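Same chain, two partners: subunit A is paired with subunit B first, then with subunit C.
The block that comes next holds the complex of A and B.
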């Protein structure tokens, strides 16, 4: 099963650390803030600092393992493909600064700074976005998530859709696994060609879709019976409220923003690596 | 006693749509997982958007697809990936257009022509714009697609063209197959779930 499903099967890790105690809105703001900052700057070292800070919080909150797994599956292969294709002379149009040569079977090929910078900086931007998002997701339980979204004035029907999707994914994934095992038991071969693989795909998704659509009506009746559409004020299991720790965390983010703004104005968009701006970078 | 079975649907269409949307989002996700399990040569995570459009109308497909991208952006893919939600809206729009034009009959040649032109050639132009503007372009981390990207880039030196051809190479197979899968499933769905007119 993919890392995605195993990840979305996880509910928030309950531990008594400051990360879990932080209000969902503060963690969500950190996720947005970190992502925006790494997009404003163009510096792989700065991105690495953000990844390191987020991972340090994740280790403390005991949720580092799934985050590291996701980064290994998405970001590392991306860098592995992007760096050789863009840094070597394969035609990346902004390449001009040679930083060294690589010897392949006796032939010397130049390695360009622009392609290398691009091939590392962009995937690391995504690494910051993924790790901060997962930190929010894995340390905020569903009751708090609902309360957070409710406080953010998200419409109630939309909140239901988001939370229901998180609930449906592991259920449908399990059902798909059962259907696949049943099909294999009655002779479905998986070591087949292109067209047969598409047919195999159909043999799993058709029963899965029909079964999940059958449940749609049951769920709809259940929601109606609980007064989902009733024109009354909704109540919540958990009341989101900002505490002292949230204000401290927000102050740190505010100070960091001020420092980074100063760096951007006085040193530039690539303060540590000193990369030059390229279009799309 | 009469043997006739009467189906009772006490719920309104609006509430069915509210439950259908997360189901579409979850089916998109699980579709991608099944692709991994079967090692099928497609992405497989947009067919439910098309199916949602065919059975629930444009908004059900578009919101279901968009929601799938939001969930993925908030968890596995990283925030900037929310922008791919608009790709799902485009997919739903094309499916809705084809449905309204009557191009959902797989026996008609026009269905196949429209499917390849709209999903295989036009849609990659949209995804190329997103991938360059938000993700900087560059090779995908799928070996064949990356090889196509490298070949076009090294032979033409055109960054935008290399991205477009790479996207077309993956979409021209994936999206028409997703459309065919959705049409086949939509034909097997009980009438009571068809909200689209």
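The block that comes next holds the complex of A and C.
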């Protein structure tokens, strides 16, 4: 099973820490807030601070491993790939400030601040969004998640789609594995070139799609038979309610917002790295 | 056997149905009745319309599938055609063939899975708690309440499916080949629960391949072939029609077949047993063994 699938298979980790105790809405707000703040500023150091704070909470809540795995898969290759391209000549249209030179096979190439800054800032922004979103999902158990989304007036059908996806993706992965094994048993070769491999995998994708559609219909039938569409107010076993810890966390976010607003007005959008503004930054 | 009452819980009159994608009718003028406390076994080879008939009892046919529909299905006085599936959910509980297909996807534990239907119907929390615990105890899943439904064995998962239905306390429990995908142990576990339900007076409609097992607790049987009712009546009478059943690919219980063969080959007139215990009794009497 791939790392991505095994990550999705993970459900909320039950531990008695303040992160798990925080109301789902507060953690969801933290995800939105952090994502917006790192987008407003253009500073990789600030992004790193947000990643560090989120990871610290994740470590405390014992959910750091899957978050780090995801960052390793998505963000690290992006930085490793984008930075060398963007920081070098012709890699980025706004490159103008040379901060050094690198030697490649005896040729000296200038390294530009603008490309380097853009190449690091953007993946780190994504890292903040991913880590804070995963912190929300991995520390909010399903019952609390449903109650949270329900309280946020999200339509129940949409809530079902969000929550059920997390349960059914591993099942789909299992199904794909079974189909692949069946096709290999019937002579499908997997030890072929890249293009042929993609072509061969169609023989997995097509039956998987058809079986998934079938499963979706069966699921719809099951839900219908169990009163899913009943025109009554659903009973939720868990009620989302804000506690003292939630108000403390919200206050911290409020104070941070005020400080960051002051920083933005008085120091600027790149207070630590001092990057100059570029389009798309 | 169920404790039969006089009240008719299911009335099916001239039910005719074709799926929207098919020009052929899968059910043709089907008629039968089920009284409160009765167990009706629906028998028939693959493709005979058993599953469609089951789905017509809780309104999935025609509400969910659409298609051409004729005749009447009345459940506890309410006509299915004029009642929504969610309204019928408290009257008819449907247990599907594949236990994994019945998992809601919204519950992380066995307990939450059983509670799901009640939550959807907006039942009060205290009532949910009480009903869930009762249903779990009934199907023998105590101790597994906190387990993920996906971690259960086939037999346990099917018992969970039955518990989800029982929690809703429906008037009728409809089971569409509930043991078809289970191993022998799973089959035994599930059939034990069904037999207990039957003995305690639940109204059950069960489509089953395992005639030998169903014969122990069914009151009536209905044989479907190509969407038509070939035989309908008390289970003993239906299972006696050995040649007719075999001609459409249904194997009657081995003991019934044996009695039929003895009658045919030796001309020995004896009552047809439908269970092993009955066979032992009948042949013991015939052989003069006490």
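In this text, the second predicted complex is superposed on the first by the 272 of 281 C-alpha atoms of A that agree within 3 Å, B and C clash if a C-alpha of one lies under 4 Å from a C-alpha of the other, contacts with A are read in each partner's own complex, and residues count from 1 in each chain.
Everything that follows uses one rule, which is that contacts are C-beta pairs under 8 Å (C-beta built on N, C-alpha and C of every residue); 3 or more make two chains touch, one makes a residue touch a chain.
Model, not experiment: these values are computed from the prediction.
Of the two partner chains, subunit C is the only one that A:231 touches; subunit B does not reach it.
By the document's definition of touching, neither partner reaches A:276: not subunit B, not subunit C.
By the touch criterion defined above, A:118 reaches subunit B but does not reach subunit C.
In the superposition on chain A, contact is made by A:142 with subunit C only, not with subunit B. Once the two complexes are overlaid on the shared chain, A:91 sits against subunit B while remaining clear of subunit C. Touch criterion met: A:210 reaches subunit B, while subunit C stays clear of it.
In the superposition on chain A, contact is made by A:198 with subunit B only, not with subunit C. When subunit A is checked against subunit B and against subunit C, the one touching more of its residues turns out to be B. After overlaying the two complexes on the shared chain, residue contacts for A:256 are found with neither subunit B nor subunit C.
Residues 160, 164, 168, 171, 215, 219-221, 223-224, 228-229 of subunit A contact both subunit B in one complex and subunit C in the other.
Here subunit B touches subunit A in the complex through residues 9-12, 14-16, 18-23, 25-27, 29-42, 44, 47-48, 51, 63, 67-68, 70-81, 132-133, 135-141, 146, 149-150, 153-159, 162, 177, 181, 184-185, 188-190, 192-193, going by the rule given at the top.
Those residues of subunit A whose C-beta lies close enough to touch subunit B in the complex are 1-5, 7-8, 31-32, 35, 39, 70, 74, 77-78, 80-82, 85-86, 90-93, 118-119, 122, 125-130, 132-134, 136-137, 157, 160-162, 164-166, 168-169, 171-173, 176-177, 180, 190, 194, 197-198, 200-202, 204-206, 208-210, 212-213, 215-217, 219-221, 223-224, 228-229, 280-281. Of all residues in subunit C, only 55, 58, 60, 64, 84-87, 89-90, 93-94, 96, 98, 100-108, 112, 115-125, 128, 150, 164, 168 touch subunit A in the complex they form. By the touch criterion stated above, subunit A contacts subunit C in their complex at residues 11, 141-143, 146, 160, 163-164, 167-168, 171, 215, 218-237.
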